[in-house]
Amino acid sequence: MDSLVFKQDRPLDLIAIGRLCIDLNANETQRPMEETKTFTKYVGGSPANIAIGVSRLGMKAGFIGKVSDDQMGRFILQYLKENNIQADNIFTDKTGAVTGLAFTEIKSPTECSILMYRDNVADLKLDPREVSEEYIKQCKTLLVSGTALAKSPSREAVFLALEYARKHDVVVIFDLDYRPYTWESETDTAIYYHLAAEKCDVIIGTREEFDMIEKIRNFGDSDNLATAQRWFSYYAKLVVIKHGGGGSIAYTKDGDQFQCGIFKTNVLKTFGAGDSYASAFIYGLMNRFNVLESMRLGSAAASIVISKHSCSEAMPTLEEIQGFMDTADEVLATAN
Amino acid sequence: MDSLVFKQDRPLDLIAIGRLCIDLNANETQRPMEETKTFTKYVGGSPANIAIGVSRLGMKAGFIGKVSDDQMGRFILQYLKENNIQADNIFTDKTGAVTGLAFTEIKSPTECSILMYRDNVADLKLDPREVSEEYIKQCKTLLVSGTALAKSPSREAVFLALEYARKHDVVVIFDLDYRPYTWESETDTAIYYHLAAEKCDVIIGTREEFDMIEKIRNFGDSDNLATAQRWFSYYAKLVVIKHGGGGSIAYTKDGDQFQCGIFKTNVLKTFGAGDSYASAFIYGLMNRFNVLESMRLGSAAASIVISKHSCSEAMPTLEEIQGFMDTADEVLATAN
Amino acid sequence: MDSLVFKQDRPLDLIAIGRLCIDLNANETQRPMEETKTFTKYVGGSPANIAIGVSRLGMKAGFIGKVSDDQMGRFILQYLKENNIQADNIFTDKTGAVTGLAFTEIKSPTECSILMYRDNVADLKLDPREVSEEYIKQCKTLLVSGTALAKSPSREAVFLALEYARKHDVVVIFDLDYRPYTWESETDTAIYYHLAAEKCDVIIGTREEFDMIEKIRNFGDSDNLATAQRWFSYYAKLVVIKHGGGGSIAYTKDGDQFQCGIFKTNVLKTFGAGDSYASAFIYGLMNRFNVLESMRLGSAAASIVISKHSCSEAMPTLEEIQGFMDTADEVLATAN
Amino acid sequence: MDSLVFKQDRPLDLIAIGRLCIDLNANETQRPMEETKTFTKYVGGSPANIAIGVSRLGMKAGFIGKVSDDQMGRFILQYLKENNIQADNIFTDKTGAVTGLAFTEIKSPTECSILMYRDNVADLKLDPREVSEEYIKQCKTLLVSGTALAKSPSREAVFLALEYARKHDVVVIFDLDYRPYTWESETDTAIYYHLAAEKCDVIIGTREEFDMIEKIRNFGDSDNLATAQRWFSYYAKLVVIKHGGGGSIAYTKDGDQFQCGIFKTNVLKTFGAGDSYASAFIYGLMNRFNVLESMRLGSAAASIVISKHSCSEAMPTLEEIQGFMDTADEVLATAN
């Protein structure tokens, strides 16, 4: 698939736009949160994790977002800068917004849940007037995360960023990252995800996320190929559909199809799998790995992160991924 | 311009979607509203007026909208039905919304103003779940009015209607009809007007309305041809830019350009000019008049309506328009 | 009952606080509003009507309130000034609020209804910081209307006005004037009416209004004497309970009880009965009529107003009331 | 001061109403929160702490409040029950509210701050319909905390509880506990604190809190005696004004005045001083200690809690307080 053209003369490899938040991960695991005592603080949020992930893989990343004007917001800014992420286009809210929180509960590798604080959060207050056309045209790739579409004015900021990206030949990658909280209704979700996805070159999501978009349109078949083809009638050139333990499947506009399995690991929790997959997969695509090799990088990165306590902090380097792939057992994909 | 294809086998000529409201026109004119005593009640709202206008010209129109559950809402429903407009897809709000009001003040032919009541109005509560794909595919043309984009959930209802229209080859006509009230900001306005206009076949607006969309994009030239051409890169095939007393100018995707002047009349007020223009222009387009002839029909209808006290009630028949054109003085366009 | 002491050295007889709105009365009566064509505009709102009423009876009235920054607001200000009401403490909203509207429908003398526009209204935006202690101490009587308690910040403005009035020995008269719209719930209504009524010297309301306050307290008896006595344990010295066509009944803290009937009239509509009753009754109390004579003045004023098309415009002079009482048939009270 | 009469035949010593939240105390102290890594979770909120405090001192406490329907809410319920607090009148929110959070930052004993999460919190959703007259009449004392007045419907729930308490001769103690977040304005704060304090028998607050109530009333003197006397004109019989390190001063309606100093301790942070003071002071008042002895108990309890990491968990038993008082240095009051 050679149709994604990354403009090589741009100073930034990737700009992510959207959610910046704090994960508070229970230190005591294998029990319900009612019985946990202490929490450890990490930077979180899907696009933040992906920016950190690609940065750790050696790419130059920037971010368009908004943080709260308090200790939490300053902690996020500081952590991103320490991870070599350009933070000039991260604004500080002045309206009294807070940083979104995600308290994680790890009862067992298969029973994980998140308690979210998403009221009045700074990240959703990103204003379209803060999205700079000049900044966007300095990058090869724009990474959009679906949660930023959940509310105004962040929603409009994303649509403007998408318009600028298309205008300046920036490759747009959309990680669906659907989180029901903060959305008004499933209908709204389906409508805005569709309007955004129409403008993207690469769309990555779980089968359930694609189903959510398709629901109000009554296709009702969960047919991976049909899903991919519908997006090819807009700008999409590559669609990746993830099936959890069943691996992932990718389709290209020019007719190719790739299936990728997973790597066995000692699972602590499932959080962070999607973000680590996305960052290593994008790294692959932008660094001349082919689609299947990129998927395998993503899959390996995911297996590394789900064996560790955090998401952002656990994002692997290329050496770690390659070392892991050399020794881990690979399981074939069942997704089709 | 033969590229607009109206599906002739559809039972409805046009479905309008959006605002349904009440005009309360001061009976005492030539004075400020502080000094008026009585008001006359009419059905109003741009898409309502256009539906009434095309219906009076003999076309079969339907409507997708929402009215309040009170005497005002019932009056609107009754009036539309009396005007042969299919009202099955007009829903009645159950949340306590009211009907939008427009009190008009006519100080002189050139000093008219409107005092709007747009808080908690029923028309903006149209929900995307109330937009029927089955209904939309029964029409040749969907008429979208910009005010319906001002707020959720009406905004999402319009985007879903646009998706259905495109899917079923319904010709989409967008009357910009920009009204600052109810919009959060000019940035939001520009973003959502753009997202909607991208999906439309015909776009009609004043120069000021097109400028408003272009403002955040810094084209800044108010160049009619450049404006039209930007829309031709999406789905648009015909763009009409109105210049008030300077007439109107139309561009087609295949490169034609038409200028149309105005007809002299005894102006009472300026309200309703745009709606009557749109209805007669659409009538022309859909009934094998050429673009310029359609513009002249629109222009004549506008001159008739601005000489009368109401908008909806004053919408002319074809006979009235033709009679008027036979006798009225025509002034050449200055717009270019 | 000589326990109400009006401070005679104050320049203003009465200051009213609260709602200022517009009545739009259908000119075509004896039909549903769906079939009415035209409306006549009047100043309305219970405390506005009472201020106009006492002013027409020769008293010096002022007003604390807020109007919209548009033609409707300016019309109200102008009308009050023409009626000799001091308007220096009426503020003009700068947030885009509108004037509340009341469209009246008169199907028959016993079937009248009101369609209210109460969203985002200026009168409920009166801010406690706009309530002047200096101003309140210049009056003998403060007239509070219950609708001003329906929402913040008007609610807090009333509580502050009540505190100032008590501090400066202003007699506080509370006209319950309960209107369900704009109140969050009946529980809220009952709580805030109670907190306000505790601080009032005279409480006037219909039996249904007193029942509404008592409902969450489970007295459940609608016993007029018990109702009155509960208020005497706070500051109240006089409680008037109105029973529509059954007349009204008043209790004083020192143990007296008065029943007053009604005057026969040619009823056009029921609106305005309460406001005209209150203004003439207050006039009586403050001008050395005894309680029963004051009630009869109120009753006569009410009969005059309900035979006319408007409320505010129809408020009678003392001559009109006395002329009417000389000729009208009086019906004995059935309330007890 | 023998005028506070606690009804001895009631099964509950005290019912607290209001805020239930979670404290997340940084484990790493002496540094800004940007640099802390982990947090320990405790039950918090002023009335919760006071209920826990009096319970640990051997009194029987109940609570009227609302928790979120999640792990945080269940943790609070469980902890209160483990501390012998009757929780039958704590309701679980069903609208998606969250538990309020207080992240504490301890830079030094004198530089402590709190980062609050107070948007959409369950405690402020306590509805007046959930306040049971039957329950309130089962207690000797109702403890009201000012933060519960900050927003509807919790505000109305408190006013109804106050009405029930007065009706059934429950002694009402008001801990001002003013927190600026969630209040609309200082004017609102001053108005509602006043309306509530008017109905209370005992009022406890810092000098700054009393100043805040007095500000809009322009007394402007911060005169402790004048402050106390103004409240004695309503129901208050005892007013306690705290001056931090300067100790506290109490006034009784019958003219007594008491000053109490503080006990030296190894201060870790200042949080929890007020709540521990209140609980031991109330314990004293209700267990036949005189006013000054009760103040000394409060002062000792405060010194114990500010030397420890938590508030709720650190609440002392009577033995701890007495042991501490035997050995700690007492510093004389400077407040007057």
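As written, the chains take the letters A, B, C and D, and residue 1 is the first residue of each chain.
Quick note on the criterion: contacts are C-beta pairs under 8 Å (C-beta built on N, C-alpha and C of every residue); 3 or more make two chains touch, one makes a residue touch a chain.
Not measured: the values here are computed from a predicted model.
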TODO: Provide the labels of all chains in contact with chain A and in contact with chain B.
DONE: none
Open item on the list: Test of understanding: which option in A-D, B-C or C-D shares over half of the contact pairs of A-B, residue numbers taken as the match?
Closed with: C-D
- [ ] Mind checking the rotation angle between the two copies, chain A and chain C? C-alpha superposition, nearest 5 degrees is fine.
- [x] 180
- [ ] Mind checking the centre-to-centre distance between chain B and chain D? Centres are C-alpha means, answer in whole Å.
- [x] 61
- [ ] Calculate how many whole Å lie between the centre of chain B and the centre of chain C, each centre taken as the average of the chain's C-alpha atoms.
- [x] 44
Task: Length of the line joining the C-alpha centres of chain C and chain D, rounded to whole Å - done: 41
Task: Of all residues in chain A, the ones touching two or more other chains - done: none
Open item on the list: Taking the touch definition from the header, please name the shape of the chain graph: line, ring, star, complete or other.
Closed with: ring
TODO: Sort out which chains touch which and give me every pair.
DONE: A-B, A-D, B-C, C-D
Task: chain B residues touching chain C - in the complex, by the definition given at the top - done: 24, 27, 32-34, 36-41, 70-72, 74-75, 78, 98, 101, 103, 105, 115, 117, 119-120
Task: Residues of chain A touching chain B in the complex - done: 127-129, 152-153, 156, 159-160, 163, 184, 187-188, 191-192, 194-195, 216
